[in-house]
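Labels for the chains are A, B, C, D, E, F, G and H, by order of writing; each one numbers its residues from 1.
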């Protein structure tokens, strides 16, 4: 999963975000895209975050995925240092249900975008898919795998639909 | 700007969104990226939206930018039809201040991402920058122009800082 | 329940919505109205959602009930394809407590309505009652059953009131 | 517009709601459906509201449209008295931007539905369309007019799209 | 507690509200004020709610306490029928955390007030205290008991403060 | 209006609140209830606020009406010092639309109630009506005037309803 | 911990806030700053709160930390009495998730600041750090301990990062 | 005002924030505290923001005041680099009314505090007062000026109260 030439870097503000952010890594692996992941805090370890961003630029990642909760500045701090697409995943880590992280990520001012996904696991999974879509703009193999991934989603929904219809028919 | 081979498609739910969404076109033009734009409503003209999405996939856009207000489904409807990165811009078009459009765009369920930008003009501008960052992953010329664009932002902030410091020094 | 000529179609974005949406089916059955239900995702299976909508129009359902969570586009996507009344039920499926689904359903732009019910089980139950009220505009038998259903609600509230008064009188 | 046999009744909490609620009347007239409208306050004139509801039931309206702002109880109060479909339109009438009216209308408890539309003019217009869709379930002429209404919306979007594309082509 | 001449009436939309609303009864009993309580739904049993309100007016209650969740119309519906002070308690009964009930109660339009308390148990308790304060404007015995009630609160806070200080001093 | 023996005291956090709070005074005057009003800030002039509260208790006001915006603590600060019913009016005085003042007033903890009215003018007017309802529990003359006040509201709504119906009949 | 000359006073509205607020004391102790803590309610024991504030001013605390939930007025009430920096910690103590306490603390009107921290434990911890930063402006020993505290945070994040990277490398 | 040895540094994300942030400078000047102000964007000019923070630490400011709107990361980014108290002022700069900036500033994770003030002008003014309170912990002259500043506020409120009472007495 963290092979020689990762094309996507995942960074999160705290190791407690990993159960959510691992969804992103898992999708990337399914789509055959090497990635690596680490922890860096925009506030507690700003130098580490910056060094990570500079390394990301040097390594030529096609996309960066950032997960953070609360006043989730990590995405903005990374995006300020690189010209690589940065994808942000708000984590529901405080009593405010992730609304704090969502607004801290999505409301980036003009000039420095962070592409915001949904709060939590669905967002982390979609960050992986979106990174793959970026890579697929210049990599047909990934584009093909994405197409298959989507076809499998269609099949899965159809199976679930049939299973539900069957349960209802039985009056369950 | 809308030259022979546009690389980014902009679509919006209503022509009243253009004063906001034109920011995206304007940034893309500054960065030397050809684009085209049109109107299609997910709800009033679903067939048109779908046809536009299918054409977008055929034309091989590197990114799609979607602006919509209220129950802003257009981004999701387009994203459901293509495997191209879709960038959504929530428009503040109802009494709810754009919170409706923001949640309708950002909270996409797992599997089909839409990359959400900030509500309104800042978001539209950033959609253009983000599309350019996607293109730059495989196009060094765009990457160079993005680097210059950012350097100009730095210079602009520094000029404004000096102007403000001067005004304060004069006691204005 | 899913007899030969269903008059109401229930569709939901995920089979995990069924524990909520089954309330709608349950009320319809109580009111003697045949229905059928399935799963279709606006985003993962747009063609399936569209095909379902077209079939719904052909079958002449009197009403369609749609349950969805997160960026709940399914109601809008179905409503865009049919001229049948579409009733939406927001599902509380993300950390944002269903506010995302609520705004995604209720804030439909002018021209294509979705009739939004409350978030969760109360909304699903009311979707069933509302579909029955639509049918009752042209079906006296259903109107009579609705009148009885309401009379039973009155009786139930009165019994509960007496039980509570009795408990209080006993100092419980 | 308020001909001999109105099929839809419009009621609002205050005459200051009419500039919004007239959208509903206007759509109904376009669709050839007779309607009548008045003012009744759930709180200031509860007897009037009740009498209106009882008359509505007697007159056999196919649908009732209720507009109200603030703690918008009128929809619930009317729905409690009739077994006719009640459609609610939240009005943005306080500093809270219509969120108060929206939640007061949409969050109806199980058993007595009110079908909630969007806040403001889009919601009022859609209330008219939705009432027509209810009528159309048993009136082919209205169904045909609804189909034409939608076709005109499609044409209108397409014209606006062409106009915008032309403006962009001219570099405006 | 529900002695011959109750001076406060408590009514709630559902018997499931009693674990919250019993706080109001409990405070009233502590303050030596007779009360009675029942269930009536503004939507399911409007006639019952109205009859209860009319009886309340006849019985000459000094205050009415109303608890309700979701689209909490019961307070407004009662207040529309009486000229007795009505105190509303929003119940957290839906996924929206009681914000729906709060706005449905507090945002009453000009002319017909409902005095809104906090969401949940604190609000129910305060409804009891507030009803006692109303009665105390013309009943010195109740005023004296209220003064004692407050003095006991002061003593309780002081005891808890000392207990906490002691725990901290011990390094717990 | 501020005659020899005022029975209601109005206090507000800033003189800029008077255009809103004058609604309360105006209703009280209509209902023949003497009142007085002043400014005291819970934060800038806590001693003044306290002295005012102590005087209010001595003077034997039947009710206190408090208007405040932002972190609206004045109601709680006054309520902490008296055993008179305190009615709070949230003022929309910051970019947060009065939601800050509303929650600061309504969410009082158990033991010390503040009766919260709607945000802004409707709330100020209702504070006056509610104070009158408190007085009316022991003053038949005020009760009679309240009954007339309500009858006039009914007549006013009916007149407006007729005027609107007439305008619609003329096709305006 | 509560040594002879405490430099920071911690006060909270209820002893149930201590599991949150103890984080502040704990950080202060780690940084070698003596503190004391108690309970005082702005509403139930206003005289106690005031007396505590006056004592705080006399004792010359360098900072005051206030924790409160619901309509969290305690910070404002203390700040109104002293000219010492007051730091507020919103507690999530009601169904509204701490949004009520947050707005009640942060939205202080011009003239009397309360420095608001995050809702809950992170806020309580940061209140301790912030108080230490205030002390450190004139106390080099505390400044040095703060620098070490931060260095330890950096080390901790780096260790967690390595541990996570190792887990991922093992495919856990 | 921006004399040789400023003790407070003000920094803001954009020169468009100055009309708000000048309130902070203005209060500091009134209190005889030298300050300087500039513009630095956390996202557009991260190196400038960092350099400014490092200089601030070297210059030994007693406090830093940071104003920012939207995803307001500047406060966190500065706080991550210094061990000086950082005070944040949320600016209402987007359609979301400053809620985005508020949550981005106040919800700082454990370890790195930013002291959040109210949204907008009141917050900027209070940032100045709070910085003065920090300085006053070790500077009696500033403490004395703060005491006078507060006394003037008391006098101002009292004058306004008398003026309002006079207007009311005249029936204005």
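Just so we're on the same page, a residue touches a chain if its C-beta (ideal position, glycine included) is under 8 Å from a C-beta of that chain, and two chains touch if they have at least 3 such contacts.
In this text the structure is predicted, and so the values were computed from the model without any measurement.
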| item | value |
| --- | --- |
| Those chains which touch subunit G and also touch subunit D | E, F |
| D-E, G-H or B-H - pair sharing over half of the A-B contact pairs | G-H |
| Angle of rotation relating subunit D to subunit E [CA atoms, steps of 5 degrees] | 180 |
| Subunit C and subunit F: spacing of chain centres that average the CA atoms, whole Å | 42 |
| Gap in Å, rounded to a whole number, between the CA centres of subunit E and subunit C | 34 |
| Cα-centroid distance, subunit B relative to subunit C, in whole angstrom | 36 |
| Residue list for subunit H, restricted to those that touch at least two other chains | 14, 41, 44, 70-71, 94, 96-97, 99, 106-109, 111-112, 118-119, 122, 150, 153 |
| Chains grouped in pairs wherever the two touch, ordered by label | A-B, A-C, A-G, A-H, B-C, B-D, B-H, C-D, C-E, D-E, D-F, E-F, E-G, F-G, F-H, G-H |
| Residue ranges of subunit E touching subunit C (in the complex, touch as defined) | 1-2, 14-15, 18, 25, 36-41, 44-45, 48, 70-71, 94-97 |
| Interface residues, subunit F side, partner subunit D - complex | 92, 97-99, 118-120, 122, 150, 153-154, 157-158, 160-161, 163-165, 168-169, 171 |
| Footprint of subunit G on subunit F - complex, ascending | 13-14, 41-44, 46, 50, 69-71, 73, 76-77, 79-81, 94, 96, 99-101, 103-109, 111-112, 114 |
| Residues on subunit F engaged by subunit E in the complex (per definition of touch) | 23, 62-63, 83-85, 87, 102, 106-113, 115-119, 121-122, 125-127, 129-130, 133-138, 143, 146-147, 150, 153 |
